Amino acid sequence: MALPASLLMDLVLANRILANEGVLDSFGHVSIRDPGHPDRFHLSRARAPALVEPGDILEFDLDGEPAVRSEHRVFAERVIHGSIYRTRPDVTAVCHHHAPSMLPFCVTLVRLEPVFHLGATMGDTVPVWDSQDEFGDTNLLVATQAQGHSLARALGGNWTVLMRRHGATVAGRNVRELVFRTIYGARNADIQSRAMLLGTVTPLTLAERKAAGEFNLTPIALDRAWEQWTCGVVPIA
Amino acid sequence: MALPASLLMDLVLANRILANEGVLDSFGHVSIRDPGHPDRFHLSRARAPALVEPGDILEFDLDGEPAVRSEHRVFAERVIHGSIYRTRPDVTAVCHHHAPSMLPFCVTLVRLEPVFHLGATMGDTVPVWDSQDEFGDTNLLVATQAQGHSLARALGGNWTVLMRRHGATVAGRNVRELVFRTIYGARNADIQSRAMLLGTVTPLTLAERKAAGEFNLTPIALDRAWEQWTCGVVPIA
Amino acid sequence: MALPASLLMDLVLANRILANEGVLDSFGHVSIRDPGHPDRFHLSRARAPALVEPGDILEFDLDGEPAVRSEHRVFAERVIHGSIYRTRPDVTAVCHHHAPSMLPFCVTLVRLEPVFHLGATMGDTVPVWDSQDEFGDTNLLVATQAQGHSLARALGGNWTVLMRRHGATVAGRNVRELVFRTIYGARNADIQSRAMLLGTVTPLTLAERKAAGEFNLTPIALDRAWEQWTCGVVPIA
Amino acid sequence: MALPASLLMDLVLANRILANEGVLDSFGHVSIRDPGHPDRFHLSRARAPALVEPGDILEFDLDGEPAVRSEHRVFAERVIHGSIYRTRPDVTAVCHHHAPSMLPFCVTLVRLEPVFHLGATMGDTVPVWDSQDEFGDTNLLVATQAQGHSLARALGGNWTVLMRRHGATVAGRNVRELVFRTIYGARNADIQSRAMLLGTVTPLTLAERKAAGEFNLTPIALDRAWEQWTCGVVPIA
């Protein structure tokens, strides 16, 4: 089924915004679950997010198989999306990325934690997944059903999961929430990194994480950011 | 009362300049006290600063209540502005922000200090406010009268106050001074951070802070910066 | 012989892309081996890479002598290219650069290692060459046949070699592979540097390096990046 | 006397280039000695360098007094230029700046040293001047003849002098050399800073500094950079 026009537009915008804000480069991807068919999701063909257009969006089942045969190349890691949609009924949007600010937390044992109110939206706890634990030496991509399920288990009930020597995957109850969480998760990582060089970092208390994390997703905050982000990207033809 | 046209223009420019110079992103806000009615101030409706237009500016009383009912969303933290205007008659412009270079000083116990002449304008002493001290676990926003007054007390007679796990608030005797102080306060934080990684930092003496801080606000310096900053932003329609 | 039109286009694009992505500034250069005459290579006249046009590309023999006399200035370091083409028949493209993220590894004794999957393409091992070892005090340029051969020996069978107090040289089996390796080698250096400030870095295992390094060069990854990079540069007139 | 047209153009370009390359912001300035009257120099009226136009250039004597009375504001620190031209007959161009990458070396006791070949052009030794030593507490500006002469003595026969808690001043035998030295001095500072965080830094030997520093100023290098830098700035009307 075609994604409703407004959701399709949001998905294309999400691709361009995340590229424009420096979270995605040539790689990484964003998907939306089909609102009418929860066992389907929509994701671009294999293309750099900054260039994604409405016609690039394809439909997949939860195994990551294309709903319709096409000649387009598809992302090797589409199982990330299917696996999370399968285990998390509350999730309707997923992003996988390699933001430079987050990578240092993927290649050291330092925990990523919310250190300012906007960062709290990444989730109060950020688990870490290591492909070595179950799969040993690989090319680090999450490309099989088993790998996708393993990653989804590591995410658990959280919103962001780090992937060692690779990147991060983020979930949202809707695509705008997802974009906010992804961008401010990356900025939180940047601020935490800089602060750790100065001295001992005092992160948010658990109660602060919950309260701030929720507030940032209310329309007064989320709509404000979304309006600005859309003004920063190439309009959709 | 409508703000005089030249002040309205400066307030809109201040929003766009602070966004363009990387101090404000989708969040943060700037206000001006009404020159004819010192118990009123002018602040944008809840909108990303880069997008603010003259028609977005609303009038508020010192409790942060809109002077005229409107359907526009208003910033949750407008009490920051009202509380400072109430306790500081010398202040006619206020900015609240989350500049990335300042955040490390909000999440560690390291003191922010003027380390170069242009940074001295942020004030010789930069106090720190922690919402935990009086209010315990919150969503970190300054949203009640009590929180606003507490923050204003922490600012005291200074020009910049850091807010732990949140950001900073800056005051000015006029809006151009405010913009200069905000931008070079953020740059001072960046330079101090970088320098601390190399070795022991030797900040300005107290007398240097006072002398340099004043000089930077004379027309020969301030007008030069303002001319450049306005050239960098989208002209006001 | 003139380079085939599509290769000529790729060589000009490689120059502009590497400048646009921040790897090359006014200095550095990229070459392609002539597909019909493996003892010849093509390289711009001495010009900043961002400005290179098809008419700037000149032909050289493996000693770095121009195939045709011209009045154009030529790069002092063209022997880097000839020397590597001579010792590495599998290499058809070479880049020499001074990317800011790589320089810290050229002026300390810290080893550069793949720390995330995309960085693995720079090669599993990155050797280091020091002009002092064989040539003592110089202006640090690789300008003689002896210096070129020494550098090529240091590169050996690897893909990237660091040059102490100077920069790096990168080899590829084709020019698009070369560009990918150069860009993600520089990004790997950036991430490794940032991570080392946080704690102990755990790089890829050797098997991960080999598997990820190969995958990134398959068309599904390489074409995606190339499409985006070309969209970011000034079209070739 | 009016500056010859080609030198006037170069001076305006130097202003815009140094702003575009991130060395100058709203502050800092560049001058050229009058080729026909070595006791005169040309410098913009007090204006942000990015905005300087040919009509903004004024003539000064070596005390920093305007040759012709005008209503234009002039830089408080024009004595920096006059003092250096007086003590250094070989110098025909001077730049004063506050580049963010250099400031950490102005607020710690860490020595700035050439760490890569392009950085060698800033000079083999970079002395440091502290206004406290002779003048005690000031606003940190170099605004009197005595302060200018003190700074010029600290520069001595070198090419770059750091000014504690303030910035740097750079001299050149011509304006293009000056621009190169200023830009790559700032980049050297950035690389040295980053490298120091990783481990012990091994700078260039003295002989390498001399050899590389000279080579970078030969036309094959300098013209290449100048062509690119001019392409990056707004053309002069």
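The chains carry the letters A, B, C and D, assigned in the order they are written, with residues numbered from 1 in each.
Operating definition for what follows: a contact is a pair of C-beta atoms (placed from the backbone, for glycine too) under 8 Å apart; a residue touches a chain by one contact, two chains touch by 3 or more.
Quantities reported herein were computed from a predicted structural model and do not represent experimental measurements.
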Could you tell me the least number of steps, going only between chains that touch, from subunit A to subunit D? 2
Could you tell me which chain lies farthest from subunit A when each chain's centre is the average position of its Cα atoms? D
Same or different for subunit A and subunit B, where same means more than half of the interface numbers show up on both copies? different
Taking each chain's centre as its mean C-alpha position, how far apart are subunit B and subunit D in Å? 32
Quick check: how many Å separate the C-alpha centres of subunit B and subunit C? 46
Going through subunit A residue by residue, note those that touch at least 2 other chains and give them in order. 197
Indicate which of the five shapes (line, ring, star, complete, other) describes how the chains touch one another. ring
Set of all touching chain pairs, with the criterion as stated earlier: A-B, A-C, B-D, C-D
Under the touch definition given earlier, write down the residues of subunit B that touch subunit D in their complex. 115-118, 187, 190-192, 194-195, 197-205, 207-208, 211-212, 214-215, 219-221, 224-225, 227-229, 231
Considering the complex alone, what residue numbers of subunit A touch subunit C? 25-27, 46-48, 50-51, 73, 76, 98, 100, 103-110, 132, 137-141, 164-167, 193, 196-197
